[in-house]
(Lines give C-alpha, C1' and ligand atoms only; values in the text may rest on other atoms or scores of the structure.)
Protein backbone atom coordinates (compact mmCIF):
# COMPACT_ATOMS: atom_id res chain seq x y z
CA UNK A 1 0.00 0.00 0.00
CA UNK A 2 1.17 3.50 -0.73
CA UNK A 3 2.72 5.64 1.98
CA UNK A 4 3.85 9.24 1.90
CA UNK A 5 5.29 11.81 4.29
CA UNK A 6 4.95 15.56 4.04
CA UNK A 7 5.96 18.31 6.45
CA UNK A 8 4.11 21.49 7.36
CA UNK A 9 4.58 24.21 9.92
CA UNK A 10 1.90 25.24 12.44
CA UNK A 11 0.41 28.64 11.58
CA UNK A 12 -0.43 31.20 14.26
CA UNK A 13 -4.08 31.10 13.21
CA UNK A 14 -4.15 27.38 14.01
CA UNK A 15 -3.50 27.95 17.72
CA UNK A 16 -6.21 28.69 20.25
CA UNK A 17 -6.13 30.34 23.65
CA UNK A 18 -4.85 27.15 25.29
CA UNK A 19 -1.64 27.88 23.38
CA UNK A 20 -1.87 24.71 21.25
CA UNK A 21 -3.28 23.74 17.84
CA UNK A 22 -7.09 23.72 17.81
CA UNK A 23 -8.17 20.11 17.30
CA UNK A 24 -10.09 20.60 14.03
CA UNK A 25 -6.91 21.61 12.18
CA UNK A 26 -5.69 18.03 12.23
CA UNK A 27 -8.33 17.35 9.59
CA UNK A 28 -6.58 19.98 7.46
CA UNK A 29 -3.25 18.25 8.06
CA UNK A 30 -4.83 14.92 7.12
CA UNK A 31 -6.05 16.45 3.88
CA UNK A 32 -2.62 17.84 3.14
CA UNK A 33 -1.17 14.36 3.66
CA UNK A 34 -3.76 12.78 1.39
CA UNK A 35 -3.34 15.37 -1.37
CA UNK A 36 0.43 15.01 -1.41
CA UNK A 37 0.24 11.20 -1.33
CA UNK A 38 -1.99 11.35 -4.42
CA UNK A 39 0.42 13.76 -6.11
CA UNK A 40 3.37 11.48 -5.31
CA UNK A 41 1.37 8.58 -6.82
CA UNK A 42 1.02 10.55 -10.04
CA UNK A 43 -2.43 12.10 -9.59
CA UNK A 44 -3.33 15.67 -8.83
CA UNK A 45 -6.68 15.77 -7.08
CA UNK A 46 -7.49 18.92 -9.08
CA UNK A 47 -7.24 16.89 -12.27
CA UNK A 48 -9.70 14.31 -10.93
CA UNK A 49 -12.19 17.10 -10.23
CA UNK A 50 -11.59 18.47 -13.72
CA UNK A 51 -12.75 15.05 -14.98
CA UNK A 52 -15.92 15.35 -12.85
CA UNK A 53 -14.74 12.95 -10.15
CA UNK A 54 -14.82 14.02 -6.50
CA UNK A 55 -13.54 12.47 -3.28
CA UNK A 56 -15.96 13.12 -0.44
CA UNK A 57 -15.04 12.47 3.20
CA UNK A 58 -17.68 10.15 4.66
CA UNK A 59 -16.06 9.34 7.98
CA UNK A 60 -13.19 10.62 10.11
CA UNK A 61 -11.69 9.73 13.46
CA UNK A 62 -8.94 11.44 15.42
CA UNK A 63 -7.07 10.58 18.61
CA UNK A 64 -5.14 13.46 20.15
CA UNK A 65 -2.21 12.25 22.26
CA UNK A 66 -0.09 15.37 22.71
CA UNK A 67 -0.46 18.98 21.57
CA UNK A 68 1.26 20.70 18.66
CA UNK A 69 2.42 24.26 19.20
CA UNK A 70 2.88 27.37 17.08
CA UNK A 71 5.72 27.18 14.55
CA UNK A 72 6.32 23.47 15.20
CA UNK A 73 7.33 21.56 12.12
CA UNK A 74 4.96 18.62 11.78
CA UNK A 75 5.51 15.42 9.84
CA UNK A 76 2.33 13.94 8.39
CA UNK A 77 2.59 10.22 7.56
CA UNK A 78 -0.23 9.05 5.30
CA UNK A 79 -1.03 5.50 4.24
CA UNK A 80 -3.71 4.14 1.92
CA UNK A 81 -5.13 1.18 3.84
CA UNK A 82 -8.04 0.20 1.64
CA UNK A 83 -8.99 0.68 -2.01
CA UNK A 84 -12.61 -0.28 -2.67
CA UNK A 85 -14.72 0.00 -5.81
CA UNK A 86 -15.82 3.52 -4.99
CA UNK A 87 -14.10 4.21 -1.68
CA UNK A 88 -10.69 4.77 -0.16
CA UNK A 89 -9.41 4.62 3.39
CA UNK A 90 -6.43 6.67 4.55
CA UNK A 91 -4.64 6.47 7.89
CA UNK A 92 -2.56 9.32 9.27
CA UNK A 93 0.01 9.97 11.96
CA UNK A 94 1.02 13.52 12.78
CA UNK A 95 4.44 13.70 14.43
CA UNK A 96 5.88 16.71 16.18
CA UNK A 97 9.42 17.79 17.07
CA UNK A 98 11.65 14.78 17.92
CA UNK A 99 9.24 12.47 16.16
CA UNK A 100 6.67 12.40 18.97
CA UNK A 101 3.24 11.11 17.93
CA UNK A 102 0.77 13.96 18.45
CA UNK A 103 -2.42 12.85 16.68
CA UNK A 104 -3.42 9.89 14.57
CA UNK A 105 -6.60 8.85 12.86
CA UNK A 106 -8.25 7.86 9.61
CA UNK A 107 -10.69 9.06 6.99
CA UNK A 108 -12.99 7.17 4.65
CA UNK A 109 -13.64 8.76 1.28
CA UNK A 110 -16.23 8.01 -1.34
CA UNK A 111 -15.65 8.69 -5.01
CA UNK A 112 -18.67 10.44 -6.49
CA UNK A 113 -19.73 12.30 -9.62
CA UNK A 114 -20.99 15.87 -9.76
CA UNK A 115 -24.42 14.62 -8.66
CA UNK A 116 -22.81 13.04 -5.57
CA UNK A 117 -23.66 9.46 -6.61
CA UNK A 118 -20.93 6.80 -6.34
CA UNK A 119 -18.45 6.46 -9.18
CA UNK A 120 -16.01 3.58 -9.70
CA UNK A 121 -12.43 4.57 -8.95
CA UNK A 122 -10.57 4.79 -12.28
CA UNK A 123 -8.42 1.68 -12.75
CA UNK A 124 -5.16 3.63 -13.06
CA UNK A 125 -5.87 5.47 -9.80
CA UNK A 126 -6.72 2.25 -7.95
CA UNK A 127 -3.61 0.57 -9.33
CA UNK A 128 -1.37 3.43 -8.29
CA UNK A 129 -2.71 3.42 -4.74
CA UNK A 130 -2.57 -0.34 -4.12
CA UNK B 1 -28.81 54.09 3.40
CA UNK B 2 -29.62 50.77 4.94
CA UNK B 3 -28.25 49.80 8.32
CA UNK B 4 -28.51 46.57 10.23
CA UNK B 5 -27.24 45.08 13.47
CA UNK B 6 -26.65 41.41 14.22
CA UNK B 7 -25.07 39.71 17.21
CA UNK B 8 -22.74 36.72 17.31
CA UNK B 9 -20.69 35.01 19.96
CA UNK B 10 -16.94 34.41 19.70
CA UNK B 11 -16.15 30.73 19.11
CA UNK B 12 -13.21 29.01 20.80
CA UNK B 13 -11.70 28.26 17.40
CA UNK B 14 -11.58 31.99 16.68
CA UNK B 15 -9.12 32.68 19.50
CA UNK B 16 -5.36 32.37 19.13
CA UNK B 17 -2.59 31.86 21.65
CA UNK B 18 -2.64 35.55 22.60
CA UNK B 19 -6.02 34.75 24.14
CA UNK B 20 -7.95 37.04 21.78
CA UNK B 21 -9.77 36.72 18.45
CA UNK B 22 -7.38 36.16 15.55
CA UNK B 23 -7.62 39.26 13.34
CA UNK B 24 -8.79 37.52 10.14
CA UNK B 25 -12.06 36.47 11.78
CA UNK B 26 -13.33 40.04 11.64
CA UNK B 27 -13.75 39.49 7.91
CA UNK B 28 -16.10 36.61 8.82
CA UNK B 29 -18.01 38.92 11.16
CA UNK B 30 -18.20 41.55 8.40
CA UNK B 31 -19.65 38.93 6.08
CA UNK B 32 -22.20 37.90 8.66
CA UNK B 33 -23.25 41.54 9.01
CA UNK B 34 -23.54 41.97 5.24
CA UNK B 35 -25.51 38.74 4.77
CA UNK B 36 -28.00 39.63 7.47
CA UNK B 37 -28.38 43.22 6.22
CA UNK B 38 -29.27 41.79 2.79
CA UNK B 39 -31.73 39.36 4.38
CA UNK B 40 -33.35 42.19 6.38
CA UNK B 41 -33.64 44.16 3.13
CA UNK B 42 -35.55 41.26 1.58
CA UNK B 43 -32.79 39.44 -0.28
CA UNK B 44 -31.13 36.19 0.55
CA UNK B 45 -27.66 36.13 -0.95
CA UNK B 46 -28.18 32.44 -1.76
CA UNK B 47 -31.06 33.42 -4.04
CA UNK B 48 -28.86 35.88 -5.92
CA UNK B 49 -26.33 33.13 -6.53
CA UNK B 50 -29.15 30.84 -7.67
CA UNK B 51 -29.85 33.52 -10.32
CA UNK B 52 -26.20 33.42 -11.40
CA UNK B 53 -25.24 36.68 -9.69
CA UNK B 54 -22.28 36.76 -7.31
CA UNK B 55 -20.88 39.39 -4.96
CA UNK B 56 -17.09 39.29 -4.94
CA UNK B 57 -15.03 41.14 -2.34
CA UNK B 58 -12.58 43.39 -4.22
CA UNK B 59 -11.21 45.40 -1.31
CA UNK B 60 -11.25 45.26 2.49
CA UNK B 61 -9.80 47.35 5.28
CA UNK B 62 -9.82 46.74 9.02
CA UNK B 63 -8.71 48.80 12.01
CA UNK B 64 -8.34 46.84 15.24
CA UNK B 65 -8.79 49.04 18.31
CA UNK B 66 -9.35 46.55 21.12
CA UNK B 67 -9.44 42.76 21.28
CA UNK B 68 -12.49 40.50 21.44
CA UNK B 69 -12.30 37.49 23.71
CA UNK B 70 -13.74 33.97 23.77
CA UNK B 71 -17.49 33.79 24.41
CA UNK B 72 -17.94 37.58 24.10
CA UNK B 73 -21.19 38.58 22.50
CA UNK B 74 -20.37 40.89 19.62
CA UNK B 75 -22.66 43.38 17.93
CA UNK B 76 -21.95 43.89 14.25
CA UNK B 77 -23.29 47.18 12.84
CA UNK B 78 -23.36 47.18 9.04
CA UNK B 79 -24.18 50.08 6.74
CA UNK B 80 -24.42 50.25 2.95
CA UNK B 81 -22.52 53.41 2.10
CA UNK B 82 -22.47 53.24 -1.69
CA UNK B 83 -24.55 51.53 -4.36
CA UNK B 84 -22.88 51.71 -7.78
CA UNK B 85 -23.87 50.18 -11.11
CA UNK B 86 -22.04 46.96 -10.40
CA UNK B 87 -20.53 47.57 -6.97
CA UNK B 88 -21.47 48.00 -3.32
CA UNK B 89 -19.62 49.41 -0.36
CA UNK B 90 -20.35 48.29 3.18
CA UNK B 91 -18.98 49.75 6.41
CA UNK B 92 -18.84 47.80 9.65
CA UNK B 93 -18.33 48.37 13.36
CA UNK B 94 -17.84 45.42 15.67
CA UNK B 95 -18.75 46.26 19.26
CA UNK B 96 -17.91 44.16 22.28
CA UNK B 97 -19.31 43.95 25.80
CA UNK B 98 -20.54 47.36 27.07
CA UNK B 99 -20.67 48.64 23.52
CA UNK B 100 -16.92 49.19 23.18
CA UNK B 101 -15.71 49.59 19.58
CA UNK B 102 -13.33 46.71 18.87
CA UNK B 103 -12.79 46.74 15.10
CA UNK B 104 -14.20 48.75 12.23
CA UNK B 105 -13.61 48.72 8.51
CA UNK B 106 -15.18 48.44 5.10
CA UNK B 107 -15.42 46.16 2.09
CA UNK B 108 -16.00 46.88 -1.56
CA UNK B 109 -17.90 44.25 -3.51
CA UNK B 110 -18.36 43.79 -7.24
CA UNK B 111 -21.41 42.10 -8.70
CA UNK B 112 -20.35 39.57 -11.31
CA UNK B 113 -21.75 36.72 -13.35
CA UNK B 114 -20.54 33.13 -13.32
CA UNK B 115 -17.71 34.15 -15.66
CA UNK B 116 -16.64 36.82 -13.13
CA UNK B 117 -17.41 39.75 -15.47
CA UNK B 118 -19.34 42.74 -14.03
CA UNK B 119 -23.11 42.53 -13.92
CA UNK B 120 -25.47 45.44 -13.24
CA UNK B 121 -27.05 45.26 -9.79
CA UNK B 122 -30.72 44.32 -10.23
CA UNK B 123 -32.91 47.42 -9.83
CA UNK B 124 -34.92 45.96 -6.94
CA UNK B 125 -31.73 45.11 -5.03
CA UNK B 126 -30.27 48.58 -5.59
CA UNK B 127 -33.55 50.21 -4.54
CA UNK B 128 -33.76 48.14 -1.37
CA UNK B 129 -30.21 49.03 -0.35
CA UNK B 130 -30.39 52.80 -1.02
CA UNK C 1 -28.22 12.54 30.83
CA UNK C 2 -28.32 16.14 29.70
CA UNK C 3 -29.40 17.04 26.18
CA UNK C 4 -29.47 20.37 24.42
CA UNK C 5 -30.29 21.73 20.98
CA UNK C 6 -28.88 24.86 19.38
CA UNK C 7 -29.25 26.25 15.86
CA UNK C 8 -26.65 27.90 13.66
CA UNK C 9 -26.52 29.03 10.06
CA UNK C 10 -23.87 27.90 7.57
CA UNK C 11 -21.43 30.72 6.77
CA UNK C 12 -20.11 31.28 3.26
CA UNK C 13 -16.57 30.70 4.49
CA UNK C 14 -17.59 27.21 5.63
CA UNK C 15 -18.34 26.06 2.07
CA UNK C 16 -15.73 24.67 -0.29
CA UNK C 17 -15.59 24.40 -4.06
CA UNK C 18 -17.85 21.33 -4.04
CA UNK C 19 -20.58 23.76 -2.96
CA UNK C 20 -21.09 22.13 0.45
CA UNK C 21 -19.76 22.57 3.99
CA UNK C 22 -16.12 21.50 4.31
CA UNK C 23 -16.07 18.48 6.60
CA UNK C 24 -13.84 19.93 9.34
CA UNK C 25 -16.46 22.55 10.23
CA UNK C 26 -18.64 19.91 11.84
CA UNK C 27 -16.10 19.89 14.67
CA UNK C 28 -16.88 23.61 15.10
CA UNK C 29 -20.59 22.82 15.18
CA UNK C 30 -19.95 20.07 17.74
CA UNK C 31 -18.11 22.58 19.89
CA UNK C 32 -20.94 25.05 19.62
CA UNK C 33 -23.37 22.34 20.76
CA UNK C 34 -21.14 21.39 23.71
CA UNK C 35 -20.61 25.00 24.80
CA UNK C 36 -24.32 25.78 24.75
CA UNK C 37 -25.21 22.54 26.54
CA UNK C 38 -22.79 23.54 29.32
CA UNK C 39 -24.29 27.04 29.43
CA UNK C 40 -27.82 25.60 29.63
CA UNK C 41 -26.63 23.37 32.50
CA UNK C 42 -25.49 26.48 34.35
CA UNK C 43 -21.78 26.56 33.47
CA UNK C 44 -19.97 28.89 31.15
CA UNK C 45 -16.86 27.18 29.83
CA UNK C 46 -15.04 30.53 30.08
CA UNK C 47 -15.63 30.49 33.84
CA UNK C 48 -14.10 27.01 34.12
CA UNK C 49 -10.98 28.26 32.32
CA UNK C 50 -10.91 31.28 34.64
CA UNK C 51 -10.67 28.74 37.50
CA UNK C 52 -7.73 27.07 35.75
CA UNK C 53 -9.71 24.07 34.47
CA UNK C 54 -9.62 23.16 30.78
CA UNK C 55 -11.51 20.68 28.64
CA UNK C 56 -9.24 19.15 26.02
CA UNK C 57 -10.57 17.10 23.10
CA UNK C 58 -8.81 13.74 23.18
CA UNK C 59 -10.84 11.89 20.55
CA UNK C 60 -13.39 12.73 17.87
CA UNK C 61 -15.32 10.78 15.28
CA UNK C 62 -17.62 12.01 12.53
CA UNK C 63 -19.89 10.26 10.04
CA UNK C 64 -21.03 12.43 7.13
CA UNK C 65 -24.35 11.24 5.67
CA UNK C 66 -25.54 14.18 3.61
CA UNK C 67 -24.08 17.61 2.87
CA UNK C 68 -25.02 20.94 4.43
CA UNK C 69 -25.16 23.95 2.14
CA UNK C 70 -24.57 27.68 2.43
CA UNK C 71 -27.14 29.55 4.52
CA UNK C 72 -28.81 26.34 5.72
CA UNK C 73 -30.09 26.56 9.25
CA UNK C 74 -28.61 23.62 11.16
CA UNK C 75 -29.88 22.08 14.37
CA UNK C 76 -27.16 20.66 16.59
CA UNK C 77 -28.40 18.07 19.10
CA UNK C 78 -25.86 17.41 21.85
CA UNK C 79 -26.01 14.77 24.57
CA UNK C 80 -23.66 14.02 27.44
CA UNK C 81 -23.28 10.25 27.33
CA UNK C 82 -20.60 9.68 29.95
CA UNK C 83 -19.29 11.59 32.95
CA UNK C 84 -16.04 10.10 34.26
CA UNK C 85 -13.73 11.26 37.02
CA UNK C 86 -11.74 13.46 34.68
CA UNK C 87 -13.43 12.91 31.33
CA UNK C 88 -16.65 13.60 29.47
CA UNK C 89 -18.19 12.12 26.36
CA UNK C 90 -20.55 14.07 24.13
CA UNK C 91 -22.57 12.78 21.18
CA UNK C 92 -23.86 15.03 18.44
CA UNK C 93 -26.33 14.99 15.58
CA UNK C 94 -26.36 17.82 13.06
CA UNK C 95 -29.71 18.12 11.29
CA UNK C 96 -30.38 20.16 8.18
CA UNK C 97 -33.52 21.59 6.61
CA UNK C 98 -36.55 19.33 7.18
CA UNK C 99 -34.76 17.59 10.02
CA UNK C 100 -32.53 15.46 7.82
CA UNK C 101 -29.54 13.93 9.60
CA UNK C 102 -26.41 15.32 7.95
CA UNK C 103 -23.55 14.38 10.26
CA UNK C 104 -23.27 12.68 13.63
CA UNK C 105 -20.38 11.78 15.86
CA UNK C 106 -18.85 12.07 19.28
CA UNK C 107 -15.98 13.66 21.16
CA UNK C 108 -14.14 12.59 24.29
CA UNK C 109 -12.81 15.36 26.49
CA UNK C 110 -10.34 15.28 29.35
CA UNK C 111 -10.44 17.80 32.16
CA UNK C 112 -6.95 19.11 32.81
CA UNK C 113 -5.18 21.87 34.69
CA UNK C 114 -2.93 24.53 33.19
CA UNK C 115 -0.10 22.00 33.12
CA UNK C 116 -2.34 19.64 31.07
CA UNK C 117 -2.43 16.94 33.78
CA UNK C 118 -5.83 15.37 34.63
CA UNK C 119 -8.07 17.19 37.08
CA UNK C 120 -11.16 15.75 38.75
CA UNK C 121 -14.39 17.21 37.34
CA UNK C 122 -15.86 19.54 39.99
CA UNK C 123 -18.77 17.80 41.76
CA UNK C 124 -21.31 20.48 40.81
CA UNK C 125 -20.35 20.22 37.13
CA UNK C 126 -20.59 16.42 37.17
CA UNK C 127 -23.95 16.57 38.96
CA UNK C 128 -25.36 19.07 36.47
CA UNK C 129 -24.32 16.95 33.49
CA UNK C 130 -25.55 13.59 34.79
CA UNK D 1 14.31 47.54 3.64
CA UNK D 2 14.02 43.81 4.01
CA UNK D 3 12.18 41.74 1.44
CA UNK D 4 11.38 38.06 1.40
CA UNK D 5 9.50 35.60 -0.81
CA UNK D 6 7.84 32.39 0.28
CA UNK D 7 5.62 29.96 -1.60
CA UNK D 8 2.55 28.11 -0.40
CA UNK D 9 -0.09 25.96 -2.03
CA UNK D 10 -3.83 26.66 -1.81
CA UNK D 11 -5.59 24.12 0.45
CA UNK D 12 -9.01 22.72 -0.42
CA UNK D 13 -10.41 24.16 2.81
CA UNK D 14 -9.41 27.64 1.60
CA UNK D 15 -11.78 27.53 -1.35
CA UNK D 16 -15.44 28.51 -1.17
CA UNK D 17 -18.42 27.62 -3.32
CA UNK D 18 -17.40 30.20 -5.96
CA UNK D 19 -14.51 27.84 -6.66
CA UNK D 20 -11.85 30.34 -5.57
CA UNK D 21 -9.95 31.18 -2.38
CA UNK D 22 -12.17 32.82 0.25
CA UNK D 23 -10.90 36.39 0.67
CA UNK D 24 -10.05 36.17 4.40
CA UNK D 25 -7.33 33.59 3.72
CA UNK D 26 -5.11 36.24 2.19
CA UNK D 27 -4.58 37.50 5.74
CA UNK D 28 -3.21 34.02 6.53
CA UNK D 29 -0.91 34.24 3.53
CA UNK D 30 0.22 37.71 4.65
CA UNK D 31 1.04 36.28 8.04
CA UNK D 32 3.01 33.44 6.51
CA UNK D 33 5.01 35.99 4.50
CA UNK D 34 5.70 38.10 7.60
CA UNK D 35 6.71 35.11 9.73
CA UNK D 36 9.13 33.83 7.13
CA UNK D 37 10.61 37.29 6.49
CA UNK D 38 11.32 37.55 10.23
CA UNK D 39 12.87 34.07 10.23
CA UNK D 40 15.06 34.97 7.23
CA UNK D 41 16.13 38.12 9.12
CA UNK D 42 17.27 35.92 12.00
CA UNK D 43 14.27 36.12 14.32
CA UNK D 44 11.70 33.49 15.06
CA UNK D 45 8.46 35.15 16.15
CA UNK D 46 8.00 32.34 18.69
CA UNK D 47 11.21 33.46 20.40
CA UNK D 48 9.94 37.03 20.66
CA UNK D 49 6.78 35.74 22.36
CA UNK D 50 8.93 33.63 24.67
CA UNK D 51 10.58 36.93 25.73
CA UNK D 52 7.11 38.40 26.44
CA UNK D 53 6.99 40.53 23.29
CA UNK D 54 3.99 40.28 20.94
CA UNK D 55 3.21 41.70 17.52
CA UNK D 56 -0.45 42.67 17.26
CA UNK D 57 -2.11 43.51 13.94
CA UNK D 58 -3.67 46.97 14.30
CA UNK D 59 -4.65 47.60 10.69
CA UNK D 60 -4.93 45.62 7.45
CA UNK D 61 -5.94 46.38 3.90
CA UNK D 62 -6.38 44.04 0.95
CA UNK D 63 -7.08 44.60 -2.75
CA UNK D 64 -8.23 41.51 -4.62
CA UNK D 65 -7.40 41.70 -8.33
CA UNK D 66 -7.78 38.12 -9.53
CA UNK D 67 -8.78 34.87 -7.81
CA UNK D 68 -6.51 32.08 -6.61
CA UNK D 69 -7.70 28.53 -7.13
CA UNK D 70 -7.31 25.19 -5.36
CA UNK D 71 -3.83 23.71 -5.55
CA UNK D 72 -2.33 26.85 -7.10
CA UNK D 73 1.19 27.54 -5.95
CA UNK D 74 1.27 31.09 -4.64
CA UNK D 75 4.28 33.33 -4.21
CA UNK D 76 4.02 35.74 -1.31
CA UNK D 77 6.34 38.76 -1.56
CA UNK D 78 6.70 40.60 1.73
CA UNK D 79 8.49 43.89 2.38
CA UNK D 80 9.05 45.82 5.59
CA UNK D 81 8.17 49.39 4.66
CA UNK D 82 8.37 51.11 8.02
CA UNK D 83 10.09 50.40 11.34
CA UNK D 84 8.81 52.70 14.10
CA UNK D 85 9.58 52.79 17.81
CA UNK D 86 6.87 50.28 18.63
CA UNK D 87 5.32 49.54 15.25
CA UNK D 88 6.07 47.86 11.95
CA UNK D 89 4.47 48.09 8.53
CA UNK D 90 4.57 45.22 6.06
CA UNK D 91 3.43 45.24 2.43
CA UNK D 92 2.51 42.09 0.56
CA UNK D 93 1.90 40.89 -2.98
CA UNK D 94 0.42 37.47 -3.60
CA UNK D 95 1.26 36.15 -7.06
CA UNK D 96 -0.37 33.18 -8.74
CA UNK D 97 0.66 30.89 -11.59
CA UNK D 98 2.70 32.76 -14.25
CA UNK D 99 3.46 35.52 -11.78
CA UNK D 100 0.05 37.19 -12.04
CA UNK D 101 -0.73 39.60 -9.19
CA UNK D 102 -3.76 38.25 -7.35
CA UNK D 103 -3.98 40.26 -4.14
CA UNK D 104 -1.87 42.92 -2.49
CA UNK D 105 -2.16 44.88 0.71
CA UNK D 106 -0.49 45.87 3.93
CA UNK D 107 -0.66 45.38 7.67
CA UNK D 108 0.40 47.61 10.54
CA UNK D 109 1.61 45.85 13.66
CA UNK D 110 2.21 47.16 17.16
CA UNK D 111 4.77 45.63 19.47
CA UNK D 112 3.24 45.11 22.90
CA UNK D 113 3.95 43.35 26.17
CA UNK D 114 1.79 40.70 27.82
CA UNK D 115 -0.46 43.48 29.15
CA UNK D 116 -0.95 44.77 25.57
CA UNK D 117 0.78 48.11 26.22
CA UNK D 118 3.37 49.33 23.65
CA UNK D 119 6.91 48.04 23.93
CA UNK D 120 9.95 49.45 22.12
CA UNK D 121 11.13 47.17 19.30
CA UNK D 122 14.42 45.56 20.42
CA UNK D 123 17.33 47.32 18.71
CA UNK D 124 18.64 44.15 17.06
CA UNK D 125 15.21 43.41 15.58
CA UNK D 126 14.83 46.97 14.27
CA UNK D 127 18.32 46.87 12.80
CA UNK D 128 17.70 43.55 11.07
CA UNK D 129 14.49 44.80 9.48
CA UNK D 130 15.77 48.18 8.24
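Residue numbering begins at 1 within each chain, and the chains themselves are lettered A, B, C and D in the order written.
What we mean here is this: a residue touches a chain if its C-beta (ideal position, glycine included) is under 8 Å from a C-beta of that chain, and two chains touch if they have at least 3 such contacts.
Predicted, not measured: the structure shown is a model, and the values here were computed from it.
Trainee: If you tally contacting C-beta pairs, which pair wins, A-C or B-C?
Mentor: Of A-C and B-C, more C-beta pairs in contact link A-C.
Trainee: If you match contact pairs by residue number, which of B-C, C-D or B-D shares over half of them with A-D?
Mentor: The chain pair with the recurring interface is B-C.
Trainee: Centre to centre, by mean C-alpha position, how many angstrom separate subunit A and subunit C?
Mentor: Between these chains, centre-to-centre, one finds 23 Å.
Trainee: As a quick test, compute the distance in whole Å between the mean CA positions of subunit A and subunit B.
Mentor: The separation of the two C-alpha centroids amounts to 33 Å.
Trainee: Can you compute the centre-to-centre distance for subunit B and subunit C, using the mean CA position of each chain? Integer Å is fine.
Mentor: Roughly 27 Å separates the two chain centres.
Trainee: Mind pulling the subunit A residues that touch 2 or more other chains?
Mentor: Those would be 12-13, 17-18, 24, 28, 49, 70.
Trainee: Residue numbers of subunit A touching subunit D in their complex, please.
Mentor: Subunit A residues touching subunit D: 11-13, 28, 31-32, 35, 44-46, 49, 70-71.
Trainee: If you look only at subunit B, which of its residues touch subunit D in the complex?
Mentor: Its residues touching subunit D are 17-18, 23-25, 27-28, 49, 54, 56-64, 67, 116.
Trainee: Mind pulling up the subunit D residues that touch subunit C in the complex?
Mentor: 12-13, 15-20, 22, 24, 70
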